[in-house]
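The letters A, B, C, D, E and F name the chains in turn, as written, and every chain counts its residues from 1.
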Amino acid sequence: MLLHLSTWAEIESFLARSKTVVIPIGSNEQHGPTGLLGTDWLCPEIIAHEAQKDGDILVGPTFNIGMAQHHLDFPGTIALRPSTFMLAIGDWCRSLAHAGFTKLYFLNGHGGNVATIEAAFSELYAEASYAGRDRGFACKLKNWWDLAGVTALANQQFPVGHGSHATPSEIAVTQWAYPDSIKSANYAPQIAPTGPIREAHDFRARYADGRMGSDPGLATPEKGGELVKLAARSLLEDVAAFGAETR
Amino acid sequence: MLLHLSTWAEIESFLARSKTVVIPIGSNEQHGPTGLLGTDWLCPEIIAHEAQKDGDILVGPTFNIGMAQHHLDFPGTIALRPSTFMLAIGDWCRSLAHAGFTKLYFLNGHGGNVATIEAAFSELYAEASYAGRDRGFACKLKNWWDLAGVTALANQQFPVGHGSHATPSEIAVTQWAYPDSIKSANYAPQIAPTGPIREAHDFRARYADGRMGSDPGLATPEKGGELVKLAARSLLEDVAAFGAETR
Amino acid sequence: MLLHLSTWAEIESFLARSKTVVIPIGSNEQHGPTGLLGTDWLCPEIIAHEAQKDGDILVGPTFNIGMAQHHLDFPGTIALRPSTFMLAIGDWCRSLAHAGFTKLYFLNGHGGNVATIEAAFSELYAEASYAGRDRGFACKLKNWWDLAGVTALANQQFPVGHGSHATPSEIAVTQWAYPDSIKSANYAPQIAPTGPIREAHDFRARYADGRMGSDPGLATPEKGGELVKLAARSLLEDVAAFGAETR
Amino acid sequence: MLLHLSTWAEIESFLARSKTVVIPIGSNEQHGPTGLLGTDWLCPEIIAHEAQKDGDILVGPTFNIGMAQHHLDFPGTIALRPSTFMLAIGDWCRSLAHAGFTKLYFLNGHGGNVATIEAAFSELYAEASYAGRDRGFACKLKNWWDLAGVTALANQQFPVGHGSHATPSEIAVTQWAYPDSIKSANYAPQIAPTGPIREAHDFRARYADGRMGSDPGLATPEKGGELVKLAARSLLEDVAAFGAETR
Amino acid sequence: MLLHLSTWAEIESFLARSKTVVIPIGSNEQHGPTGLLGTDWLCPEIIAHEAQKDGDILVGPTFNIGMAQHHLDFPGTIALRPSTFMLAIGDWCRSLAHAGFTKLYFLNGHGGNVATIEAAFSELYAEASYAGRDRGFACKLKNWWDLAGVTALANQQFPVGHGSHATPSEIAVTQWAYPDSIKSANYAPQIAPTGPIREAHDFRARYADGRMGSDPGLATPEKGGELVKLAARSLLEDVAAFGAETR
Amino acid sequence: MLLHLSTWAEIESFLARSKTVVIPIGSNEQHGPTGLLGTDWLCPEIIAHEAQKDGDILVGPTFNIGMAQHHLDFPGTIALRPSTFMLAIGDWCRSLAHAGFTKLYFLNGHGGNVATIEAAFSELYAEASYAGRDRGFACKLKNWWDLAGVTALANQQFPVGHGSHATPSEIAVTQWAYPDSIKSANYAPQIAPTGPIREAHDFRARYADGRMGSDPGLATPEKGGELVKLAARSLLEDVAAFGAETR
């Protein structure tokens, strides 16, 4: 069930049977010579939308801009400062909690988001902690590649050249969902370098075409489809477990 | 051309021929008994995506959450505080300007966003004004119903019962684009009341089913299609004029 | 009744008969070659002070600095960033509401303030909306030229050359109130150009002497007096209507 | 010379002969049973406006709301949080400095403002310090009672019962300037208690009618006039010294 | 009793007999050619740690970074902006108050901290004042040199050359506590100049070696020991008085 | 070399031979029935102070308060909200970078700090990224237990009952350094439960005595000494590697 294609009355009904909502969250940022700028928010959106076809979960609108300051020297990247990102996550969560949701599940598509999202959750919990009251809701962050079985499958699909940015697995997922937008390019070296992540100037100097440790040419729509199917199935289980959780 | 389905290199190429980017912006909020929660961000997205099929414009990812605090007592609404909204708009604009865009065109789908978006633009301009320098980019806000001819067509389509929230015109647009998500409901009175907009409690007390002055049952997918076609054509003209603008 | 010339005990008594307070709000910014820097806060102050002589309304101190970033390249302008302006409006409102006022009426003298003041009101309402409680007070913004009959009179007085900044009507109001500070200057063209408002550099490049679309030389103290009398009368009616408003 | 009754061109001319501007700053807060709510902003305004009649100084608009949280339980008080106050002072200073002023002189009327104003100055200096550059302007805070000779005169006028809030000296100043607004009231004890300043509840519990250590009934318009004349003269000297100051 | 060398259960027990906690607070900043960078946080820490050996007070961890923007052009200085400093003080206070402490005593070692700490206290009180409730705790700021008898002793020890920054008294205190870190240097003039404090560039231009009005060479560990003993004794009395205070 | 026991001139000299500074960072929070409240800031301080005896590194003052909102229901805990924590880290880094340090190494003692510290680094980098310039310094976060060999040693020392909060390894480190503050207590179960971390109420309900998964009674000062020696040695190597790093 997609929240944005529902009426408020339908959400009211859903709340009578579940207090859990899934928010795909990612980033709009360069993904190397062939990856789509939307890769990191498209992947969790694709997986969550697929999952809700097979299970009674509610998927909210996609939070499509994240912590991508290091990619800003590549055009098309849109980034929120961590402080802005935290405020926005806070307002999303307060809104959903106000409606009665008590389990806020963020399915994440961007490794660079993790620290800031966790900090945002702590900021929300801190409000309640200083006030000496229950928060009333719990937040959970899950990277889609950490869903049960997914990284194992990706490792099997891409034993070498997976890397950590513009990976063949994430590109495969978008290829499966957007076959008309499959891109190709010449790039070298075959497998990109790795290293630390700092400001945008430093990043572009280290990673000339934007890739980190990856060979995105290994991606195929078929492999993407396998990943999506597995991830969607694991997502349903993980969401169910989170929804069932009591203190 | 859709930014999120492009690579950074494709955006670099686009920048060689245009410095204008279009951002659909709206809100995810209750839209009465039959309107989709996503209506206000779906409408500008639908129109902009349609327009880019016929003209060489670049459409960015949709800014899907806005200033909707007054709708919070209806579940499914997600709102940003104005202060958060302004910070987020600021970061989007700074990111796009950093890439070289000089004309940032926001196609808006939510009346309640207008004041805050204008304030956000002023906040951005103020940075340059205090520093005594050129800003380097210009922002423009356009509501989709203010595109040339659109309100005239809507008035003709819906001579009575258009209203100001959960209007038949916006619902028609989403019906055209999402025919599988057309909803129906009994509601009364036929035309909803009007009045001021304040906090969420006050809003729900005044507008029991969420509509303001409208009779959304007048919407049809066909009328939506007419609105989209006209709006998309006008958008291309308006974007071209903005892009051509010099001081 | 002027709040700042009253004691707290007198305000306590006033609150027993009315919960409405009027705050003149404006901006301190360049007003062309002959306009006073204080024009935009003086006008609502003049009108409100005049009105309280004839009716039992309470007029608070004048909020004299506003959203004037675009005028900063003309000396004497003092501007608040929108974010600062919103915080300050918030603190004024919280203070007045804490005292028991439930209707906060802002009589505005600067078009550039409108978006930010509306955003500030939404920020205040949002506090209550997220918390799921009544706000306890309502805010209203009224530009003095939107008071009943005022723009009609101005159009009649100044059929051409009224413009939108450093207008003959606002200058006439200050001439009536401060006859010792009437200024004259040579300027050309007779009627200033119009266009968009962006950062200060852009503004000064477009509007060399600060005027927008106006010929302020048309102002006379007599016309100002007529405007003040009418506006004061309309203000009393508008304040009464706001004070009488229930949900 | 009053900034708000000048044109921008007149300020441009003034800047050719002086880079100093005087800003009266105070608070709008309860001043005991007989004191005006505006006392703390009216006093520096009265003195500065008086001084500019006799010397070529520029006096800006009055900053009329300050750090008065402790008075909030008395109606009519309007307070800025310290953090808001600092941001607003910052924007005033940046605006004036942008115009070319290098000496920003704040004539203060409220003891409760001192810490926050000093913190605001440090915040402004810090911007330059972190950036490793000159600030380009200097800020000075002067309480009107600290102008040369003023406290000595007040001590002579009011050897007992001066106190620290709602003092006979400040009330005398407003009586001289606003003779039509002289108030009287019965109060006891003759001289109010003293003690610490904390939150508003605590304040009202300690100081039932709002006074601290004072007997405001000692005030007369004549004594107020003496104070104003002396303070205005001293202000001219102090502003001249500040303006002449080089590193 | 040192908080950081206690368990939470021991603090729980302490709270059963006292609600007062002492926080040493200072700054890490240049202290002239011979003074330690930590001087301003070491002094209150030394005194408070000494005092808790002789009396049943609870001393928290040291707040070791403060408002030192003006010293930033001397390496080793670490400064918080006033706005950051206020937020951090706020969080410390809220944490301690949440645990049940009602008297928060800050023993300060840096004159430059005073305004910002007072502003921070007002910010905390303001939260309660706007909300119309008791704050539930009281804050007190005491500079260690203002403890009973301390400045008198310092004046007797250093009748000339005490000055206001990198003073022989504060350096003596650190010499007594850290005899292995006593430094010597040639400097001239014997007594440093005095003047205003503005941004870091201005500060370093005025005070070439960092001293203000002082001759730190007068310091000896013995004099430091005398100061510590007296200050520690006075601290116990002052804390007891604060703890005993009721409205 | 300890920064706070140095003069600014000594730091200037140090900068001529190294641009790296080490900041111990932790948290002041409950550590179960026997752990010191200061454990998480004492551990990195102990290790860094030990290391600087054997190698030419510069150790700054300890950042002793961190992200500990979840522990607030245990008295003695002092927590910064993530947003405050980020601002403070930002000011520390800007101060040190202003002095010329280009490698800022944070030795962390609290797992709960990690996300927020990483977000703070990103916030700092983002300033440069939006501005299109080099940041000029690099930040590194290292948990002391992640120093080479340390976790392996701890696993060997405490094959069962190590857990994740109030661990025997961290308690052993403080026992070695503060032998006079070794605490004992009865607690049950022997090994504490594990689970998620949310707001303070939830935390205390889950973890009655504050421990998570640990049996702190396994700690001994001797084991602590072994950990400190190894960690100090590894720290010197890690700092050297970071200092030597070029793009």
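FYI, contacts are C-beta pairs under 8 Å (C-beta built on N, C-alpha and C of every residue); 3 or more make two chains touch, one makes a residue touch a chain.
For each chain, UniProt lists the protein as follows: A, B, C, D, E, F = Creatininase family protein.
Values in this document were obtained by computation on a predicted structure and should not be read as measured data.
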Partner chains shared by chain B and chain F (touch criterion as defined above): A, D
Touch graph components, with chain E removed from consideration: one piece
Touching chain B and also chain E, the following chains: A, C, D, F
Interface sides of chain A and chain F: same vs different residues, half threshold: same
For chain D placed onto chain F, the superposition rotation in degrees, Cα atoms, nearest 5: 120
Pair from B-F, B-C or C-E with over half of its contact pairs in common with A-F: B-C
Length of the line joining the C-alpha centres of chain C and chain F, rounded to whole Å: 54
Distance from chain E to chain D - Cα centre to Cα centre, in angstrom: 30
Length of the line joining the C-alpha centres of chain A and chain E, rounded to whole Å: 47
Interchain centroid distance [CA atoms averaged], chain E/chain F, Å: 24
Shared interface positions of chain F, touching two or more other chains: 72-73, 79, 81, 83, 95, 98, 129-130, 132
Chain contact graph, described as a line, ring, star, complete graph or other shape: other
Contact pairs between chains, per stated definition: A-B, A-C, A-E, A-F, B-C, B-D, B-F, C-D, C-E, D-E, D-F, E-F
List of chain B residues in touch with chain A within their complex: 3-12, 15, 28, 30-38, 41-42, 60-62, 64-65, 72-81, 83-84, 87-88, 90-92, 95-96, 98-100, 178, 181, 183, 185, 210
Residues of chain F that touch chain B when the two form their complex: 129-130, 132
Residue ranges of chain E in contact with chain A within the complex: 94-95, 98
Residues of chain B that touch chain C when the two form their complex: 67, 69-70, 72-73, 79, 81-83, 86, 112, 114-116, 118-120, 122-123, 125-126, 128-130, 132-135, 138, 196, 198-202, 205-206, 247
